[in-house]
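In the part that follows, the structures are each spelled out as structure tokens.
Next come two complexes built around chain A: one with chain B, the other with chain C.
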Partner chain A sequence: MITLENVHKKYSNDVAIGPVSISIPAGGITALVGPNGAGKSTLLTMVGRLMGIDEGTISISGFDVASTASKDLAKIVSILRQENHFVTRLTVRQLVGFGRFPHSKGRLSAADELIVSRSIDFLDLGALEARYLDELSGGQRQRAYVAMVLAQDTEYVLLDEPLNNLDMAHSVQMMAHLRRAAEELGRTIVIVLHDINFAGHYADHICAVKHGKVVEFGTPAEIMRDDVLTRVFETPVTVIDGPRGPLAVYY
Partner chain B sequence: MAETTITAPRTTPKLRAGNRRSSGPLPSKKVGKRYWIVLSILIVLSLGFGFGLLAWDNPMPPGSRGFWLIAQMRASNVLVMLVVAFCQAIATVSFQTVTNNRIITPSIMGFESLYVAVQTAAVFLLGAAGVVAIQGVGQFVLQVLIMVALSVALYGWLLSGKYGNIQIMLLVGIIIGAGLGSVSTFMQRLLSPSEFDVLTARLFGSVANADPSYFPIAIPLCLLAGTGLILNARRLNVVSLGKETSINLGINHRREVMKTLLLVSILMAVSTALIGPMTFLGFLVATLAYQLADTYDHRYIFPVAVLTGFVILSGAYFIMKNLFYAQGVVSIIIEVIGGTVFLIFILRKGRL
Partner chain C sequence: MSTTALRAASKGRLFEPKLIIGIVVVAVLLVISLFTGVYDIFGAQDGGEMFAITRIPRTIALVLAGAAMAMSGLVMQLLTQNRFVEPTTTGTTEWAGLGLLLVMIVNPGADLLTKMTFAILAAFIGTMVFFLFLRRVSLKASLTVPIVGIMLGSVVGAISTFIALQTDMLQSLGIWFAGSFTSILRGQYEVLWIVAIVAVAIFLVADRFTVAGLGEEIATNVGLNYKQVMFLGTGLIAIATGVVTVVVGNLPFLGLIVPNIVSMFRGDDLRGNLPWVVLLGVGIVTVCDLVGRTIIMPFEVPVSLILGVLGAVVFIALLLRQRRNG
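Presenting the complex of A and B:
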């Protein structure tokens, strides 16, 4: 369980995050949704200790993010940001191998290699593992990054807009992979999503953020409603019954 | 109702027998073989130039007592080159890794302009006699101390604050460097031609600037700092992935960067205080080393970089000494030949 208590971060007089108090249950996929600039990514980066907080506490399965050593947290939680650019030239497999660093400290054992192979296969990157990252398409590269955080073998996986720049097919494929990671590998995945319909279909819980505060939290059935979505996104939204569940129409 | 399924086939490529799937730093047999060939060639070249410097044009027959006496006198120059190559190579590679930037070198962070400023100020304030004053072990230690102190103050101030930002630190470093450079230029304007001539000789990076009496301090210092960085190679590999990824992998990024920059500043200070400015050498060596080693792993990049540095330095010195009879100014030939090699490499490969 990820618990945020009274989390507060101030940027300027009128831009602030929080106070946020929320518990994200263990297991399944929790989607963070909300309008631009609402603070979804910021919340995620604070949970992933990439950014400090001014007040309050964040704990991940009982460990306080601020006081637990970073190297210990790296075995419990992994975070993947949107922009990933490396100056070094890496093959897919080398990148995924870095995911084992918290456990192996750079000395990969046979067991580590096995886990690396497994997460590469899990994301169907087997045929590409010897390729360099700069030889891959955007979608393939995104999968390689996800394979790295899966190889980190953490209970909690935080992903910041992993569907960014992916086309329809690759988005669907990525979400299906994440769904399987949650179900087959028992990971708790917290993901920032832009498309409310993806959240409605693939997530177990939806957390709506607006003006730096959590305004709604519930199952897709509770969130995928005209009045709730209209209020969150400040634009008229109609939810209709689609062939695969509720569908938000906003244009 | 058809649920979305993953369409790509879930198969692992059939690997040849005995070809274990491995995430090692040399991803394939071809890359591995190439690496060891490159390393061997560099070792042979280093030994060749090293021996050439000791033996070429040695008037005494090889093996005789006189031969060894002359070789011994030349050995101190070779040692200086080894120290400088070691310092510049390891410092530049580490610096580029922690700053996540492959087109800058630690020398633009004010090191060399500080050196130039100190030398110029000595001549300016003390006259040509100042040149005598800026020699000796005490001056060498002082020079190193000033340079390390400046960089520690800069890194400590700019990286520890709430807005700790490596880009701003680099910018401030460059501006301080430019400022010091202008102050030096101004002082040089006011020198008499004879004083200026004396100063110029000191401001060319030259192996001849080094005094063997500096060795007892310079060698342990650079071995200490260099070993610190080499032992940290695995963590540097992670730091090269950038701040956020390395924090995710459990690295204390700020501490790692500060530690590395401190060690880099010691190496750069020793090298600069020993032989003077060598702006281009570190950059050239690091860039060539990435191309030659072709791996992310610092444990493999460091040896290639040090050897490349030594080959370039000793090669340039050898050519200058035996072809042009102008052994003093190796930095000139390094910039000409090194720059050309560098351009050829970049244009051929099309990437850094």
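Presenting the complex of A and C:
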């Protein structure tokens, strides 16, 4: 379980996050949604200890993020931010291998190699494993980074907009991979999503963020409603019964 | 997909046949270097003595200085995530020179160790200033970084020149600016062996530097103490650059050319690349030194001149290549 208690972060006089108090249950996929600039990514970054908080506490399965050593946290939680534009010339396999760093400190054992192979296969990167990252398309690279984070073998996986730069087919594939990671590998995945319909279809819980505060938290059935979505996104939203579940129409 | 056990390991073997060929080629170059020079070491009566006093030290210095600058460039490029960065495009060398100059003014009779310590300290401070500046403005855009670095270096270099002018040290500064192996003699170069310790240290923490090269967020994600690694890297770069600056002088572009060529062929995994970077660094500096020694025989051209010409060409080629790749 990820617990945020009275979390505060102040940027300037008018921009602030919090106070946020929320519990994200272990298991399944929790999607963070909300309008631009609501603070979704910031919240995720703070949970993943990449950014400090001013007040309050964040704990991940009982470990206080602020006081637990970073190298120990790396075995419990992994976080992937949106892709940075500098691309190191590592092969896919080398990159995924560095996901084992918290466990192996760089010296990969046979067991590490096996986990690396499994992660690569899990994201269908087997054929690309010897390629350099700068020879891949944006979508393939995105998958390689996700494979790295999965190889880290942490119970909690935080992903910041992993569908960015992905086309329709690859977005669906990525979500299917994450769904499988949650179900087959038992990971708890917290993910920032832009498209409410992806959240509605693939997530187990949806957490709506607005003006730096959590305004709604519930199952897709509870969140995928006209009044709730209209209030969160401040634009008229109608939820219709699609062929594969509820569908938010906002145009 | 059941062949996982048979798949190649993530890291290649360190010693491959190609590396052995490379070692042989560089060894041949070093032997040529040993027997190149005006003095007739076979005919003259004190030939053997001269060989031991000048030729052997010079060749060892080539190996150590070449390796030091190439490794410094590599580590710097990983830490800044920028391919155009190396000690002479970030002002590190100029800072080391300023440190050296200040020691020579305050204490003209300072021994080598004192000079070196101050050069290393100045190089460390200067590199830190540059890294902190990069963090503050979060400039990752490729070309702005070396431009800022070169500007910073020029400012520091100008201050050095001014101080040198005021204190009648301009000639010493000029000699330093033109890095050369001409004056390497027995008894004056041995501190360069410190570079070998730096090489071992870099090899031991190689993976940390590679992870740092993936960016602060990914490095932190896998539990790396990013700031500590930056500090350690800066320290090692400062030591290597400082020592080379004091003993040999300015060796421009070496740290830029070598890691880029190696990266093109072998990627960015530091541990596996380190032997290649060392080898190529030694090879290039030896070739440039040989050219410098023979081109206007019986006189010599400073090796920094040859390196500067070669480096400028490679630098431009890299720029064009990057533009093509978008």
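One rule holds for everything that comes next: the second predicted complex is superposed on the first by the 247 of 251 C-alpha atoms of A that agree within 3 Å, B and C clash if a C-alpha of one lies under 4 Å from a C-alpha of the other, contacts with A are read in each partner's own complex, and residues count from 1 in each chain.
Please note the rule applied: a residue touches a chain if its C-beta (ideal position, glycine included) is under 8 Å from a C-beta of that chain, and two chains touch if they have at least 3 such contacts.
No experiment lies behind these values; they were computed from the predicted model shown.
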So, after the overlay on chain A, do chain B and chain C clash or fit? They clash
I'd like to know which partner A:A74 touches here: chain B for first, chain C for second, both or neither. both
Query: In the superposed arrangement, does A:G97 touch chain B (first), chain C (second), both or neither?
result: both
- prompt: If you stack the two complexes on chain A, which partner ends up touching A:D121: first (chain B), second (chain C), both, or neither?
  reply: both
Checklist entry - Given the touch rule stated above, what does A:A176 touch, chain B (first), chain C (second), both, or neither? => result first
After the superposition on A, what does A:A16 contact: first (chain B), second (chain C), both or neither? neither
Checklist entry - So, does A:L247 touch the first partner chain B, the second partner chain C, both, or neither? => result neither
_Which partner chains sit in contact with A:L50 here, chain B, chain C, both or neither? Use first/second/both/neither._
both
Chain B versus chain C as contact partner of A:L136, first or second or both or neither = neither
In chain A, both chain B and chain C touch residues 48-50, 70-75, 78-81, 84-86, 88-91, 93-94, 96-99, 101-102, 105-108, 113, 116-117, 121, 126, 129-130, 149, 152
The chain A residues in contact with chain B across the complex are 48-50, 70-75, 78-81, 84-91, 93-94, 96-102, 105-108, 112-113, 116-117, 121, 124, 126-127, 129-130, 134, 149, 152, 172-173, 176-177, 180, 243-244
Within their complex, chain B touches chain A through residues 1, 4-13, 20-25, 27-28, 96-97, 100-102, 234-235, 237-238, 240-242, 244-245, 247-252, 294, 296, 351
So, in the complex, the side of chain C touching chain A is made of residues 1, 4-5, 7-11, 81-82, 140, 206-208, 210-211, 213-215, 217-218, 220-225, 263, 267-269, 271
Given the complex, residues on chain A that touch chain C span 48-50, 69-75, 78-81, 84-86, 88-91, 93-99, 101-102, 105-108, 113-114, 116-118, 121, 126, 129-130, 132, 149, 152
